[in-house]
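There are two complexes below, and they share subunit A, which is joined by subunit B in the first and by subunit C in the second.
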Partner chain A sequence: MSDAAPSLSFATFLQGRRIRLTPGGLFGRICVALLLSMVCAAVLIGLSGHNPFAAFAAIAQGAMGSEHQIGASLNRCTPYLLAGVGVALCFRAGVINIGAEGQIAIGGAGAAAAAFAFADAPPIVAVVAALLGGALAGAAWAGIATAIHLGRRVHEVLATLLLNFVALLLVQQLLAGPLGQFGAGFLQSPLMPRSAWLPRLAGFDAHPGFLIAILAAAAFSFVLWRTPFGFALRVAGSSRLAGAYAGFSLARLTWGAMLIAGALAGLAGGIEVLGVHRRLIEGFSLGFGFKAVTVALLGAIEPLAVTPAALFIGLLESGSLAMQRQIGVPSALITVIEGLTMLFVLAATAGRK
Partner chain B sequence: MIEFLAATIRIATPLALAALGGILSERAGVFAVGLEGMMLAGAFAATVGAWTTGAAGVGIVLALLGGAAIGLAVAFVAVRFRADNMVTGLAVNILSLGLTSYLMRVLSGGAQPVSMHLSPLAPWPIPILSDIPALGPLLFAHPPLTYLTVLGCLGLTLFLGRTQIGLTLRATGENPEAVFAAGANPLMMRMLAVIACGAIAGLGGAVLSLQQVGTFTDGMTSGRGYLALAALIVGRWTPWGAAAACLVFGAAEAFELRLQGFGAPVSSYVIQMAPYLIALAVLAGMGRSSKLPAAIGQALQRDH
Partner chain C sequence: MSPLLQMRGIVRRFGDLCANDNIDLDVQPGEILGLLGENGSGKSTLMKVLFGMLRADSGSIAFKGKLLDGHTPAEAMAAGIAMIHQHFMLIDAMTVTENVMLGWPEAGRVLRTKEISSRVREASKRFGLYLDPDAQVGALPLGRRQRVEILKAILRNAELLILDEPTSNLAPAEVADLLVILRRLRAERKGIVFITHKLPEVLDVCDNVVVLRLGRVVGRAPVAGASRGQLAEMMIGRDVSAPREVDAAKPPGQARLALRDFSAPGLLPLTFEVRAGEILGVAGVDGNGQFELVESLSGLLPARGGVLELDGRDITRSTVAARMNLGLAYMPADRGQKALVKGMSIAENVMLRDSRRPPYARGPLLTPARAAAKTRALMADYDIRARGPDSIVARLSGGNQQKIVVARELDRGPAVLIAHQAAWGLDPGATRFVLDRMIALRDRGAAIVYVSSELEEVLAISDRVAVMAGGGFAGVMPRSALDMRQIGLWMAGRAA
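== the complex of A and B ==
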């Protein structure tokens, strides 16, 4: 899941970078894949009897038409970017982590529990404690999957996938019990204590989560390219044999990547709960983990692409309701675009990472 | 008790069909993570076919085609273009979820999904056998696709174990180079296996929509494809083993449904975890002895 050959010298490292940015190289292939999925989407819109350009314009307008909408779009991108960075790190290490879906949900529950526990603390302490609670809960959930994977040789996709379903049910159980609001009629927690709310930037609806996510993406790039851990990840990811030969502990690399990914996904869940809903709601993160995989797919191939990939998906989704309202094209189209983008990117870049 | 067992069989049937398809795919060397999307496409196509023509047979044919179409996408991307099997499966699951929801709304011409209501397929009681007390209604009075599932287990066992092409398919999953050396085309074998997997899993989806619910709703498979995937692994890639695993998962869900009715002290959410936890426990228990097809997930060169 890495460069054709691990970057063994600075010269090959530089060369590798140059190749990846040339049109016709990976970057060009990804662009062609994106273009193809948009063309398919346009055909589907056409089949429904609407004008594709009007639909795309409505998406853009709905996603970025006002400060309020830009803020909502950034909020939308945040969990995808945060969790996607973690999943991309796992991809780079050759670990296919499909568990972000469950880790985000558990992270949301962890953040909610911490927020209630620190209800009387000053705001900064409460927010930090709640976000840490989310990250720890997410990392713990990823840890369970990793332990099963490494300890019992269960394929990581199956371990993480099956635990997703358990995680969603566990959150429902918590909402039906200790974390729930009695008599609410559906599964949700009471409103978070005000001290744990993430502030919103004046004029925008954006919470600072997006900044945290951008920092995470930058840190991902730095760790991957500039640290021994990142180097080991890239070597082991492109060839398990080479990694083992170089003396890297594959188990420790897997633990490292999975725990970081779990913590980031948990943080994403915590930010969503504290910044957007301000309470834990059943299904608040439905589908987030799979979108994180889409984002990570691009990010694992080219780390610079994580942020635009998350923006792409977040903006599409954020503008999709406006498209449905104004043009009449069903917003489910966005899910189609996500699936197509994944397929085309996979086909265009397979074996060339 | 009879009711509980009947519910077990009912819940297990769509899972078992999907698992049978998945066995074909995995035995040929391609991870079957796309089962969920194949089932969903099959469930959708079956409903549209039966609803527009009024003939359940048309629905069943369309379910085969709908599932096969998703299989074709997997075959191209994962086999022909050699992309990662798991991520490709996930991608078609997302695509299938989006496409079925989108088309449901396009068909109605608005933002609301079209409502298609069918009367679920009627049971076909087998004469004489279905008159046996207790066992008769339980085993010999099912709708047609349930019998087909049992026949499918038998057929797939014979196909994999006793036919030349079944042998080639298994060899493709274990040692594709040997298949190539023997003069067969492992690439084509894998693509066909994945497409057939899609068709059979699509039929599993049709069981849900045509035989059990009588309509299609967004994402109605809700994770059953993943459960089928777990079942075929728990059943060690054998049709009868997978079917037995599906029955265990079905029993867990049937148990949960009955407990809800009684207002038992155990929370239904905890019991709903059972199939997933059982699958995890069995996988963990199998550990190194899981007997995964040796070449599963490994890409084939194009000129093979």
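== the complex of A and C ==
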């Protein structure tokens, strides 16, 4: 939730800007911001009486120390990246979509439902059907927000944000009813049919979701910069008036961006359910959607650049438990680092006239 | 008499470009100095240097005998220099008095609203500003808002006022009032620098002129005895004041754009035709329905009733894109938000309305290399000065920005062109260039609706002249039977 407010002005600021790999450019400034936030984090760790270098080493160790840990880290990054790419696309189009949180949850439920429906199908069909089910469910949920936004002129921030709560409650309801495991003691579905499980790469704990996410980031970066549709999105995002003047249908562009974002978020939910938990669990994606907004902004709402941003956040979180275990710095500190990073990035990039 | 302002040998470079090349400028107390020059001639740079918004690379500035060096705008203001920008720096939601008090130490830590209010009233009377201290600024017409800026300067004891194109947003009646106010300021021994493109105003109110071209002073003259032609010649090196004679209308072609009782919100039902090879000029004071006319013709505002036809096809309810495909081009007056995306490159702005067509796209993909080549060609053809197709539009001068719009809309070879304030912010040379291009388009058989609040431009280009007032046409007359008195009456008659 707290990520939503600063993102508004920041997103407007970024629309239409291209990342250039120059020290004075956006990229350079984001790097400086990251560096500063790490320095601050080091000071905080030092103040709490621990050696910051040991803490960072523990984080790196925990995130990338073994094949197993690398896999777990990549799995962690996947939903941030997928949903972040969708959010970035929406922000580029001038649509402030804060609804990834709900779209991921509904996507997870959709994937679970599809997996049960295709339980007897051969594995490839079952996996594809389940992932498609997730994407469609996420897109449908984004579609509801879009319809409310365009049809009744409710601001998209409100429409997407408020539907998040509805989505989370709806998933709870489904788990208490048709999708739930009877007598499990808490809200979760039965184990997914084995045919719908995402395979795990041998030796790693990684599922192929991260590859899908990187492909999606590359594909939508291409769409954004190299297709007339992407051009229209960027124009409309920079100026609604110019978009209308150019002959674009702003409503159609909003639909396009929102449905893509919903599908990507839904896919993220599906991958999480089929690849990590192998069942639908209440709150399985809590906070993912808002983290996606952070990641999108950290990546300067450029789909390709969202990739390192998602990796950064994902690895930090994945390593944080190791840090807590090994040297006793509370893992909640990672949340502080994330917040600081966001602040520094905002200050570094939005402070210019 | 010692001069109020003495600028000596001002040099300011931007990279390779020398925006101010050794400029001297004097202003005496009680003098109105006209600062003339084409777009990009260095006027704004010089004034920014004076006001402390830019540093000079070399040269000196003496104001009231004291050297100003490395000063900030705040220090310039404290010294007694006031700058009145083209876009006003006022807060709409506040009253006149509150705007005057804003950022002014004399208003007190606990605001002395009453006292300031009475000072506002007093100064307003003395200088003929007719401002109500309690009026909300947002509710004032543009001319009055400008007076609030002038009032701020007066109350802060400014002795030198810089007015940057002060008349570009004003209606003719407001311009006349402003000139009266400037004369009063002159009578109070204030110095005034008046930056403008418009020669009639210079002749009317200025005592002396300084003309800049390419960063150098190319002429200084007292206005008494100078003619328009001479001034224009100094400005761009040739005489452009005489409008080129438009060829007599050829035998009327087919009606390309036809309106029958066509109306829109803010636009009374209109019935007229524009034929192939004809330019219909639409004059009138801004805000009399011109915006509604051009926006509803281009499809951005929905029509309320009646019929609109392009080459015999009913486009009353067509989308913007459909109209464009039928050959309707449109140059909106709102350059910054609508006609251009300022944060994007020249190439992207050139392809703004054609991004699905060759050479900008092929099938589902953009073709950036071809788009860049095309843009380069247009930049050469229309004399758009920038480093290359990738230059960001926001960094270009207003004149170059407008040329992008003109190039884009004309390049499509439209059947019908709707142009609104197409020469806004252009110097006389560039204006002439744009008008000539439009005449060439007309000669190739297009129909053009040329809407502008600059009567002179309209008269220079039109085969027929219509005058808008109160949301409708007050009257239409052919070029052959031009009657200036009648046009004046139409403009004034039902003007808002």
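Worth a mention:
As a working rule, the second predicted complex is superposed on the first by the 325 of 353 C-alpha atoms of A that agree within 3 Å, B and C clash if a C-alpha of one lies under 4 Å from a C-alpha of the other, contacts with A are read in each partner's own complex, and residues count from 1 in each chain.
The rule is short, and it goes like this: a contact is a pair of C-beta atoms (placed from the backbone, for glycine too) under 8 Å apart; a residue touches a chain by one contact, two chains touch by 3 or more.
All of these numbers come straight from a predicted model, not from anything done at the bench.
Contacts of A:294 after superposition on the shared chain: subunit B is touched, whereas subunit C is not.
In the superposed pair of complexes, A:342 makes contact with subunit B only, with no contact to subunit C. By the touch criterion defined above, A:226 lies against subunit C but remains apart from subunit B after alignment on the C-alpha atoms of chain A.
Here subunit B and subunit C are compared by how many residues of subunit A each touches, and B touches more. Of the two partner chains, neither subunit B nor subunit C is touched by A:202.
By the touch criterion stated above, A:172 is placed in contact with subunit B alone, subunit C being left untouched.
In the superposition on chain A, A:244 contacts subunit C only, with no contact to subunit B.
When the two complexes are overlaid on their common chain A, residue A:124 makes contact with neither subunit B nor subunit C. In the superposition on chain A, contact is made by A:235 with subunit C only, not with subunit B.
The touching residues of subunit A, when paired with subunit C in their complex, are 15-17, 225-228, 230-232, 234-235, 238-239, 241-242, 244-249.
In the complex of the two chains, the subunit B residues touching subunit A come out as 31, 33, 73, 76-78, 81-84, 86-88, 90-99, 101-102, 104-106, 109-111, 218, 223, 226, 229-230, 233, 267, 269-270, 272-273, 276-277, 279-280, 283-285, 287-288, 290, 292, 299. Within the complex formed with subunit A, the residues of subunit C that make contact are 298, 300, 319-321, 324, 330, 332, 334, 337-341, 343-344, 348, 351-353, 355-356, 360-361, 364-366, 368. For subunit A in complex with subunit B, the residues that touch the partner chain are 44, 47-49, 96, 98, 148, 151-155, 157-159, 161-163, 165-166, 169-170, 172-173, 176-177, 290, 293-294, 297, 324, 328, 330, 332-340, 342-343, 346-347, 349-351.
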